[in-house]
Every structure is written in structure tokens, then in C-alpha cells.
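Order of writing sets the labels: A, B, C, D, E and F. Residues in every chain begin at 1.
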Amino acid sequence: MIETTFPHHLTKRSIRAALEEDLGLAGDITGNAVIAPDETMTCSITSREQGVIAGLPLAINAFRVHDPSIEFTRKMHDGDKVEVGDVVLTIKGNSRAILAAERVALNYLCHLSGIASLTAKFVEQVEGTKAAICCTRKTLPGLRAFQKYAVRAGGGRNHRYGLDQAILIKDNHIASAGGIKEVLDKVRINASHMVRVEIEVDTLEQLQEVLNYKVDAVLLDNMSPDTLKKAVALVEGRAICEASGGVNLQTVKRIAQSGVNLISVGALTHSAPVFDFGLDEA
Amino acid sequence: MIETTFPHHLTKRSIRAALEEDLGLAGDITGNAVIAPDETMTCSITSREQGVIAGLPLAINAFRVHDPSIEFTRKMHDGDKVEVGDVVLTIKGNSRAILAAERVALNYLCHLSGIASLTAKFVEQVEGTKAAICCTRKTLPGLRAFQKYAVRAGGGRNHRYGLDQAILIKDNHIASAGGIKEVLDKVRINASHMVRVEIEVDTLEQLQEVLNYKVDAVLLDNMSPDTLKKAVALVEGRAICEASGGVNLQTVKRIAQSGVNLISVGALTHSAPVFDFGLDEA
Amino acid sequence: MIETTFPHHLTKRSIRAALEEDLGLAGDITGNAVIAPDETMTCSITSREQGVIAGLPLAINAFRVHDPSIEFTRKMHDGDKVEVGDVVLTIKGNSRAILAAERVALNYLCHLSGIASLTAKFVEQVEGTKAAICCTRKTLPGLRAFQKYAVRAGGGRNHRYGLDQAILIKDNHIASAGGIKEVLDKVRINASHMVRVEIEVDTLEQLQEVLNYKVDAVLLDNMSPDTLKKAVALVEGRAICEASGGVNLQTVKRIAQSGVNLISVGALTHSAPVFDFGLDEA
Amino acid sequence: MIETTFPHHLTKRSIRAALEEDLGLAGDITGNAVIAPDETMTCSITSREQGVIAGLPLAINAFRVHDPSIEFTRKMHDGDKVEVGDVVLTIKGNSRAILAAERVALNYLCHLSGIASLTAKFVEQVEGTKAAICCTRKTLPGLRAFQKYAVRAGGGRNHRYGLDQAILIKDNHIASAGGIKEVLDKVRINASHMVRVEIEVDTLEQLQEVLNYKVDAVLLDNMSPDTLKKAVALVEGRAICEASGGVNLQTVKRIAQSGVNLISVGALTHSAPVFDFGLDEA
Amino acid sequence: MIETTFPHHLTKRSIRAALEEDLGLAGDITGNAVIAPDETMTCSITSREQGVIAGLPLAINAFRVHDPSIEFTRKMHDGDKVEVGDVVLTIKGNSRAILAAERVALNYLCHLSGIASLTAKFVEQVEGTKAAICCTRKTLPGLRAFQKYAVRAGGGRNHRYGLDQAILIKDNHIASAGGIKEVLDKVRINASHMVRVEIEVDTLEQLQEVLNYKVDAVLLDNMSPDTLKKAVALVEGRAICEASGGVNLQTVKRIAQSGVNLISVGALTHSAPVFDFGLDEA
Amino acid sequence: MIETTFPHHLTKRSIRAALEEDLGLAGDITGNAVIAPDETMTCSITSREQGVIAGLPLAINAFRVHDPSIEFTRKMHDGDKVEVGDVVLTIKGNSRAILAAERVALNYLCHLSGIASLTAKFVEQVEGTKAAICCTRKTLPGLRAFQKYAVRAGGGRNHRYGLDQAILIKDNHIASAGGIKEVLDKVRINASHMVRVEIEVDTLEQLQEVLNYKVDAVLLDNMSPDTLKKAVALVEGRAICEASGGVNLQTVKRIAQSGVNLISVGALTHSAPVFDFGLDEA
């Protein structure tokens, strides 16, 4: 996979809000009281765990938005694997400014590296199978674009970004339309030709019915690995097979071995534990 | 503790951004294609776990900002304990609107209830000791006020909200000022009389030196329960004793038994796993 | 086609900006100088042309955002055909408020009805063929969601909303990747499974090559009706055929008769002449 | 006329909104999938029509806001006449960035150049008469400052920018005040000394009455060229004479020959067809 | 003068920013700690001085934006004269909410009433003369529309709202253009017909030269009352005469008696002392 | 006291709003009409009074945000004492740009220097006593962070920035809780350990009762210097003593001589007269 572009067009607004959240009106009252205004420092951000990093552009920009004169030397890039003690970035500049922006920078970097690292663990489990790991819309408000980027940095793929990007037909929609045929008719008539159509099925019977029509993907929800295997056989390559439900690091390998193309994991974005970085003075 | 006020003055901006994140320009293209514009539905948000809930006002307002005509019946309140299957909210209104705002509403509710529930587990561990559980500034960008509220809903307390609310002197500050006496002198001269002063110490020797001066609190960083016990004895009630570092559900009880007043836990806000709720049609 | 939902989640920000643009700091200095503050009026918005209307929710909300006490009676709905003299809306309320918001309300309604009416003329031309009319990303900055909605109100369809919604491979991309096979390989590897893939071709030879691979749609750019016919025959239903380039009300019928599925028309959103409405006192 | 300053203080907000509109959360998923992240390109924006250009600063800044490292060579300036094939700008930089911002840049440039070119055609028609061509408040929401600038670039003049800039008394105002004398009395008493006063009249009788009082300008609405001539004669230079209503490229010359000072044309900003530019790789 | 409309279209943004400024992320930590969440109170805002009030709509909306369920009874209106002890507003609602928004509401009301009251004192001084009192662009950032409204509430008039509303030619402009004739030529050619033109003169000689041309107003800067008298005589009603410089409550009467039409006073908006109101529980 | 950091993280939003307030959509129509677009000028900001300056970073950034190519030479710094005629800043750049941003830049500088200078006068009065001068929350909406900074520049100290920074218990709170003991109990239980607690008392009896409990500060409201002296004696250093009410330049010295630690003065931020600066061409 080639390196994807960071969603730079969204960073400034997010970083400004995060800095204001931490600095309020009064700013860093500790630094302002005890550090001389012209003191400078050199420090580095060091990994305290093993994993995959993501979010360096946000961390760097958090410092830069606060003080454009701070200088950086990148030692690593998003998507890189790190070991305990690896320096990912060195920072040089005004001490008050660096300490005032430190927490915001680390909050982005630690959260996104946590996502990338968790994704990488899932990806590792499914190596050798046809399955890719992907995220969901179960993201934290205001952070979706960054979280989905972190999933890619960890080797995962993105499901639709929002309700606006693709059609995903669920139980409610089928019930409202009056059946699988009816809902797919409505989609064909009403939806743009430029959006993919996926439909959720809970049983092999439902799947069988769906396969009478043309869909881009089927979401096989909460099926056991054995049932998934049968589903994949039924589909015969006519649609992308996505498994979801009950996926964790213990179960994902068996799910992947069923032959599905995609396994979606909400935990990547809603429950990834933080990745531990420290900022240490040189 | 009396019920705290939800940070309502911050909800609209956050909710609008979250809705735009999920709806983009095109909106819910699935619902718009397959559900009749005037269809209505009644549904409920049901707990799928045991824990403590937080974030109902955000969930309700996510629906309301999207469509002010949606109606709600609250079955539970923030801070309540829930069991699997408990209905926390019923919702009635336009089907397209409810399904379009559902994910945003649940993303808030599941994340914040995850924080409240994790907090409650820590709080339970320290019952019977003098220690309270509190959060840190290791929050997710843009969500701090809501996350800190969720900690309170779970029975925890808040540390300072931001760099602007209280003085917390760390290694860097002591080094920059030239010593503990010097840094506390600078604080006394430069800081407002209306902010508390806490200082981080790593050893009992440092603590001993600090106690020559007046501080509101001492942050006892990464000390073993035994060392903490000695520290508490040294302090003799002259300052609030806060323990931090290496705190998890396995260690927190022994830490609390050292006699500290506060235990700060970054994981409450940076690593709480999501709490599982479902939205089911009635 | 069923009625699509208006992009209500985007209206407030747009309307507020439009009102501030017209009212500045000083507001309607004419009305404030000559109309009594408590005077009320009843008036109606009347069509002065024949066509299809769009944008009533924006017009109504422009008044409402300025003064929530203004009352409305809708006589028509978006997508309705109107004749000269048809009343589409009656408005009752404070005179100063109505006159202050009038221009903003009409600017939305006249522009969007212009788009809907132009779209309807194109749609009428292609009646009886397989072709649908759709818009492009050649929209006016800040108005895309509303303009694309107006196209739908006029009976057209939407192409992708933005660069984020679907893959559209153009000359530049093919050149950069090193060929058609190469670019499609990259897309397969790097893009999400939830986005459609369209590729632009300028000649039948290019089309022939493209058809060796799987794509959702082909954009047949600047081809004559005869060449389009051959292209459609080549494709044999394996991809959606979209024609673009040189489309106007004179040429669109012959283009449609080539058998293409879609005809994209930039003019719908970048060059639609305004539709004439008047606001008259009752 | 000397060159007017572009409304630079308004560009960033508009451009950011336009970029987010096109890039969403996911960005240019085509470029990100198929173009190497460090690829660079050189390209130029070329005119495909004859006309007058406007909006280069917005086009350049659309690229710059997206990627500050993109470099430009200006070959033309706003207000310049261009022929088919004229290069107006060359652009050099990162390929992904250039292609991601291209559409937004062109959407501004094509729309504003369309306005400037249409204005220039009207201006050409009235050459040799006393009349200047000016625009109205019938602008597209969010774009007024840029549209009015484009009118100036095309050789036109601006009417009031908004309701806050000048007094324009219409039928409603006269009726509400109880007559022409009464409305002008109210203006004299209530309005600032720093704003001009114009009054709309539909007949020569009304004009006659108006001329009993002091006004800066009269708006002669929907009068035939002959009636306009009589109106100009009546006014005898005591006020600026503005003609409006029924103005198009066929009628404007005769209207101008009536001797009026100003002819206002809503179409300049509400119905100007786009001007065609292409972005071609060098 | 008839009652002017409050700039309601600008209130929400200002009030939200002001509330966030006072409440931060944590809100009213005092009220939240000590007042029961469902406690209600009735209170009133009482004048503690004699003067003229302005800003009631902002005060009311500050409470309303914070909590829409708070109820009000207006006892007075903007522009009313108040005595010590007059109740201007009674307020009933949730205690926490009222106390949380109180300071913001009073900050608006006290500042704007201070401006209205100071204006009224100047207006009183010039009673019986031809002079009106007006404000300048020397306003406090972000508050201009409200400050200029308060001046009107106090019986004053507004000078231009901003650089965009009228032409005011100063020394710099004359020097840049190369003389008075040259600068007025440029204005005639380049400026819109819908904006007034005022020119600043420092001496009677300059005034004499200016009177060779047509201007709407002359700004007689820093002239003594005697010189002003001569200036007014020279002008002979051909332009509005505005005096500025050295105006205070001691000097304004003699300046007014010179016969000028307008006296502009920067102090109204940049130096008005606060007006004292108290919020007392019923 | 060491130099505090300017709240730079808040400047851009404030300056942009202030520039838009003055420039509207049309910009500086005078400069645009009469000054050549490429003309440059050199000018300086000169003090016309004696006092203490504050706000230079805002003034400089007001020019820079409008035109980043303007160059500056700082002659003075915030907190410096200036005499009549002192040059504080020289400015070089495009004439139109400098004149367009001048008023906004001066509006910040004059207001904040007014606050710093008034603060310095109060500070001078209390020299030799134990008392520091501090500001209140009676600030002007949107300007609090800058105003509180100006107080520090003038030698004063800041009281709490907002309701979120510290506990201040007033009459209402005591009444609501049911007494002094009760309110302090609630604070102890409900409030964070990281916020200081101050309580307002009106009489020595109330003070006596308060001193039975632990508080950080007592606000001695509207007491005479003699009563204040007795209060200070009662407190015996167990809490910070703050005097408020009836403080002005005439009374402040005697209040300070009572031995209080702090005197809060609302006038610093709500009623400081402007400080006079001029911008003169070199």
C-alpha cells in the first residue's frame, strides 16, 4: 500500500480547539510563573512501548501552532514500528512554549499510536489469510479523520467514512422498505451510481436471497467461523464478504480463516488503549 | 456528592461537528434512498453491559440538534448503575432523522459510559480507604469537559481541568528555577492567590525538602505502596497526598491503603474501553 | 424517486453567514429608519416564471433565523412545477424583520430554483432514453450541498459529492501510475472496498483496454454521439456509461440516444440562470 | 479607475470551507491511492475563452491554504483581457496537493471570471454614454464580496454592499411611512449623516414629487428608454439617475443613451455563466 | 427618532464566546458544589445609579443562551432613564443557571448602559443647539455593533460603522493623492455612488479649498470654538460640519454653540465608565 | 515578578473578528479609492500620554494578520513606562494595508494601555503596604484574557479568570446551603482538591464564624479601613485577606494600610479610560 496523505486540511481547527481546551484564558500558569520567558530547551519524544506509531504530523503541528519558531527533527514516520526507547522526534525551542503544548501534542500522538498499534496486532493475526482488517463508524466525536488515518498507519483499511460515503443496508432499512428485493430496488432507483452498496445479513437464508440481486458487499453479522465459511462459499466471489461482531485478538484468526475479505473491528477506534510516549529533556 | 451540572454550554459546537463528520454534505444516503420521508419509529437505547452510564444529555441533544421534533423518555440518569438489558432512553420520531443521528448519539454515550464504568471499578476498589480516584489531563482532544464529567458520574473526582486552573510543579520546573525553594519562591511571587499549588516529588528526600515550605498538595510519583505509606507519615496532613504512576485495577487497592488522599489514573480518560449500548426498534 | 432529505444540518451556518453578509454591523438602516418597530405585514413569494422550485426550506429558515416569530404557509414544495403567478409561500410577521431577511431568502430560493429548472429542462430532453442527467463538482464554493440537492429536486442525479466519496481516474492519474493496468492495480490495493471506481477514457482504444479490468463506471469524455454508441456497445453492460463534454440543451438528446446511462452537465451548478421570484405585500 | 484591493481578509474562511466541502474527512481518495506521495508536477491554468479574468488571488490561495509549498508564476492579473489559450498562471509543486485543490481553485476562478467577463460585455455596450454598469444585492450566499470585486474587475461599479451601507427607499417603505415626504423626513431624522439616500420611483409623477426633497440618487425602475430620458431631464443633475429592470445585453445600450448615470444589472452576480479555464500538465 | 432594531443577528456568537470565557470547561464550580441542581430563584436587576440603560436584550439572551427555561419580566426598555433603585428586569429560574450567567449578562448591561448614560450627558449639554453627538470607530474589538447601538440608545447618532461604509479623507490620503483636488477626483472616479464623502480639514485655508468641490461633510479637526464658528460660516450649509478633537463634557457646549451639525466623541465608546447594576435575590 | 507570556493562542480569532468588524465586505473604500495599490509608507506609533503600555503584540499582529509583509521595529515592550512623545513601534509596509489595519491595532493598544496605566496608578498608591492590586470578572465580553494580561503589565495581579478556576462563596451560596458551616462542608465534599476556596463576609461576626473552618481566602466586602484592620487582626494570617468595594484612587491607600493582602478593583477592567496613542507618518 502506498503512503496515504495525512488529513492536513483538518488539523488546524482541531489543534486550536485542543490548545484552547488545555490553556484556557490564563495559559500555562505554572510555566509562566517559574520559567524565564527566554529560556530554551531541547527534548525528545521517546517510545515507552513496542508498537506502530501514528500522529506525528499532529504532534508537530500542535507545537507549531502554539509557537511557529519551535524546531523539529523527525526520527521516525507514521506507520513505523518502534521499540521501547526509540526516539521518534526531537524538539528544540522556547521552554515555556514547549511545555505548554506538550500535553496536547502527546494526547494526539499517544491516542493515534494506540490505534495504529492495536490495528497492527489484528493485522498480524490475519497474515496469510485473504482478510483485511478495517474500522467502523464507532469513532470518537471530532476525531474520526485522524482515527481512520491511524488505522491505515497500522496496516488496516477504512470502511466508509460516514453515512454520506456508501450505502449500508441494515435490518431497519429492510423492514422499512418491505423486504430485501424492495430495499435494493429503492437503492437502485434513488442512490447515486457513484456509491457502493453493502447489505447486512444475519443468516445464510438471508444471504441466499440477497445473492439474487447485485450488491457490492455483504456484511455477515455475528456469524460463527463455520457459518462464515459457508457464506463465503455461497457468495462465490460475487460480492465482497465482510465479517463483523465478536471480533477480538483471540477470535480474529479463525474468523479470517473462513475466507472472508474483510473483518471490521469497532474496538480499533472506540477502545484502543493509549500508547505510551514520554517527553524527556535532552 | 451532589449532582454536577453537565457542561451544556459546550455541547452544541461538539454535536454539530460530530454530525457534520458523519453526515458530510450528502447526509445519510442509505436512509434517504430507502425510507419514506414521513415514516416514524419508536426505539430504545438498551444497555448490553453492567456498569455506570454517562452522557445521556449529549445523546439526547445529538438527536435534538439534528431534528428538534424527536421526543424522548428518560428511563435512567447519568451516574446510575445499569444491568444488561436496562432501557436507558426511549426515542420517538421521524425514522430518517433518528437513524441519521443514531451513531453520533451512541458514540458519545458509549464512550462516556465507558469512562464512568471504568471509574466506578476503581472507586469500588478503594472503598473503605481515604483515597479518592481522579483523572488527569491525558484526555482526548476536544472531549476533555465531557470526559471529566464522565469521571465524576462514575464517582471519581477531577484533577485540574487545564494548565490554567492550578499550579503543578514538575521536574522541569524545579530544574529551570534552580531548586525546590527557588521554584516555590517564584510561584509565591508570580502566581495568583486563587490557584492551588501542587509539587511532584519522586523520593522521600525531595518530599522532606518540600515540606519545609507551604504547598497545597504533593504528587508522589511512581512510589511503591510502602514508600507511599512513609510519605503520608512524613506529610502529617500538612498537604494533600496524591499518588500517581503504575495504577491499575490490580494495584490500586494497595496504593489506597497507604493512606494517600488521591490516586490519579490516566487510563480513565485515555484508555477506557467503550460501553456497549444498542438502539433497538420497539 | 422518493423525496430526499434537505441537508438541514448545513443550513444554519450558511444562513447566518448570508445574513451577516447583508446586514453587516448596522443592519437594515433603511427599515430601521422608516418603519415602526412593531409594524407587521403579510406577503407572499410568487413565481414570475415557469419552472421547478427548490430551496424553500432555506428561504423559510433565512426568515426564521433572523426572527423566529415569523409565520409561514407553504403553498408548494421543492420539486414542484410552478407557473407564472403561482404563490409558493406566504409570510406573516414583523415588517422590519421580513424586509431585512427578504433578499437573503430570495437569493437562496432564486438560485436553487434556477438550478432545478435548468435540470428539469435537460431531464425533459432525455425522456424516453436510458440516460439520467447528473451534476459535477463544478459547484460554487460553499453552496455544493444545496446545489446538488437542487439538481435532485429538478429530477437529476448526483455524481460524487467530493473527492472523498468515489474514485474517478483521469489522465493525470493514469500517467502518474504508468498505465491503465497500473492505475487500477493501485486502486485495488490502496482504496477502500466501499468506494466506487470510475475511469475517464477519451478513445475507444482506451475503453477497450479498460474493459480488461473491473471498473464500476467509465467516463466517456468529449465523444460524438456516434462514438458514444460504439462505446456503449463495447461496454456491454459491464460498467455504467457516463458521457460528458459538449453537453447542452441542443446536444443532450442525441447524446442520450447513444444509450449511455448518465450524462453529466457542469452547467447545472456553475451556470444556471437565476429563477425569478418576487416578494409582494398582500 | 485605480486597482482595488482584493478582499483578502475574507479569503481564508471561504477557502477553508470550500476545501473541506470537496475533501471531506477522507481527502482525495483517488490521488492518495494512485499518486506517489512525493511526486511533483508543473502545470498551468489556461483560458479556453475570450474575456476578462478575476479571482486569481483566490485560486492561488486555494492551492496555498492546502499546501503552502506550492509555487506560482502569475502570467496575468485580475482585470486583464484574455484570449483562448492564454496562460494565466503556472503552478509547481506536489502532485497530490495540486490535484486535490485544483477543483476548488478553478471553481472560484471560473465563476468570478464569468462575472468579470459578463460585466465587461455590458460595459462595452454603454461605451460613449454617461452610464456606468453596476451590480445589485442579488448575489450568491457567502460569495458577495468576491462577486462584487469581480464586477469591478470587469469594469463595473458596485451598488451598496448590503442593507447596512446605504439607504434605498422602496415602495414598502413609502407605504409604511405614509408618503414620500414622510419617508424622507424619517430618514433625515433617523439615519446617519454618513449614508447616502436613494429612492425608487416607478413613474414620472412620483419622480416629480421626490424632486421636491433632497436625495442623493433616484432609482428609475422598469421605465422605457423614452421615459428614462424624460426622467433624466426632470432631474436636471440634482440626483444620480439609476435605471433598473429589463436590462440585458440587447437593451442596455438604448437604456444608457437615455442619459442615466447608472444601470444596475442583477444578472452580473446571479446569472453569469461560468468562464472556461483548464488546468493542464506542462 | 424612532426605536432602532437591536443587532440581534450578532448576539448569539458574542454571548456564546462570553459564556465560554467565564465558564471554561469546568463551569461554575462554586454553584455546582453548593447549590442543589433543581433549586430555583427569583431575582431582579436593579439600577444603582441614575442614567440611561442599554443592552437589556443582550442581558436577557445571555441568560437564555445558557438556559432557555429562565423566565423574564421586563420593567424597562433600552433608552429609558433610570433612577437609583429602579428594577429593570426580574428573572426567575434555576438557581445554578442564573448565577452562572449573571456576570456575563451584567458585563454587557453595565458596559452598554455606561455608554448610553455618558452619551446622554453629552446630548444634554448640546440641547438647544444644532449639534448632534456621534461616536467614532474608536470602539472595543468585537463590541462595535453593540456599542454603537448603545450610543443611539443614549440619544446620540452613529458615524460610519466601519471603513467600508463611507469615505473619510484624512491627511494621509490627501498627501498620497497629491492634493485636495486630486484626492477628490480619485474618489469621484473610483468610489461607489452610494457612499458619502467626508474630508478632514485642519485650517480654514484647507476648508476654503475643499469648498471648491462637492463633498457631503467636512470634519473640522481640533479647531477652537471660534474657528469652528468661522468654518460654519464659510461652509454656508453646503456640507455637514462635524467637529472633533478636544471634546469633553466641559467643552462640548461651547463647541456646539459654534453652529456645527455634529460633534464626534471617541470617549463614548472607548472610555465610558461602567454603569452600576446589581442582581439581588427577591 | 517575571514577565508573563502573552495569551497568543487567543489572538488570531480576536484580531480576525476585529478586522472584519472594521472592513466589512467592502474593505477600506477610502484607501482603495485614493491610494495607489503599491504605495508604501513608514510610520510610528507614538505615546501622547504618560503611563504604562500593554498590547503591543496584539497591535503588531493586527497589522500582520491583515498583511504579513508589514515590518516592525519595537521600541518598547509591554509593561514599560512611557512619556509623551515616546515612540513605541515603527511600521513599514504597504500604505493601503497599514491604514486599513491602523484603527484595529490602535483600538487594542489604547484600551489595554489604558488598563495597564490605571492599574499602575493604583499600584503606586499602595507601595510600601502589604497589599497587591487585583482585577475582577467585571471584564468586557470577549476581551477578558487580554484585559487580565494588561492588569499584570501594569503591576497588578489577577483574581480568578472565570467561574471555573476557583471557588468564591457569596451570600447566595451561603443562603442556599443553609449556613457557613454547611456551604464549606459542601465545598469540601464536592469540589476538586486543586481549586482554592474564598468566602465573602460582610461583618466581623461572619468572619469570626468562617475562621472556625479552613479557607484559603476571605473577601472582606465593603468594610471601612478600620473594620478591615480588625478583620486582618482576627484572621491572624490563617487566610489571605482581600478587600473589595468602594475602592478608588482616593481610598485605596487607606484600605491598603489596613494590612489586607489584596485589593480587588473592578474599575481596572470595566472603566479604564483609553490611553492616547497616535500613528504618524515618518
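The working rule: contacts are C-beta pairs under 8 Å (C-beta built on N, C-alpha and C of every residue); 3 or more make two chains touch, one makes a residue touch a chain.
Everything numeric here is computed off the predicted structure, so don't read it as measured data.
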{"item": "Chain labels contacting subunit A and also subunit B", "value": "C, D, E, F"}
{"item": "Fraction-based call for subunit F against subunit D, same above half, different below", "value": "different"}
{"item": "Pair sharing more residue contacts (C-beta pairs) when A-D is set against A-E", "value": "A-D"}
{"item": "Angular offset of subunit D relative to subunit E [C-alpha, multiple of 5 degrees]", "value": "180"}
{"item": "Where subunit A and subunit F are represented by their mean Cα positions, the distance between them in whole Å", "value": "44"}
{"item": "Residues of subunit A touching at least two other chains", "value": "2, 4, 21, 23-28, 31-33, 36, 100, 144-145, 158, 161-162, 164-166, 186, 189-190, 192, 195"}
{"item": "Interface residues, subunit A side, partner subunit B - complex", "value": "14-15, 17-18, 21-36, 39, 41, 95, 99-100, 103-104, 106-108, 110-111, 114, 137-145, 161-169, 172-173, 175-177, 183, 186-187, 189-192, 195, 266-267, 270-274, 281"}
{"item": "Complex interface listing, subunit E residues touching subunit A", "value": "21, 24-25"}
{"item": "Subunit E-facing residues of subunit B, complex", "value": "2-5, 7-10, 144-145, 148, 158, 161-162, 164-165"}
{"item": "Parts of subunit E lying in touch with subunit B, wherever the complex brings them together", "value": "16, 19-20, 23-28, 31-33, 36-37, 66-67, 96, 100"}
{"item": "For the subunit F and subunit B complex, residues of the former touching the latter", "value": "1-2, 4, 134, 157-161, 164-166, 186, 189-190, 192-196, 198, 216-217, 240, 242, 261-262"}
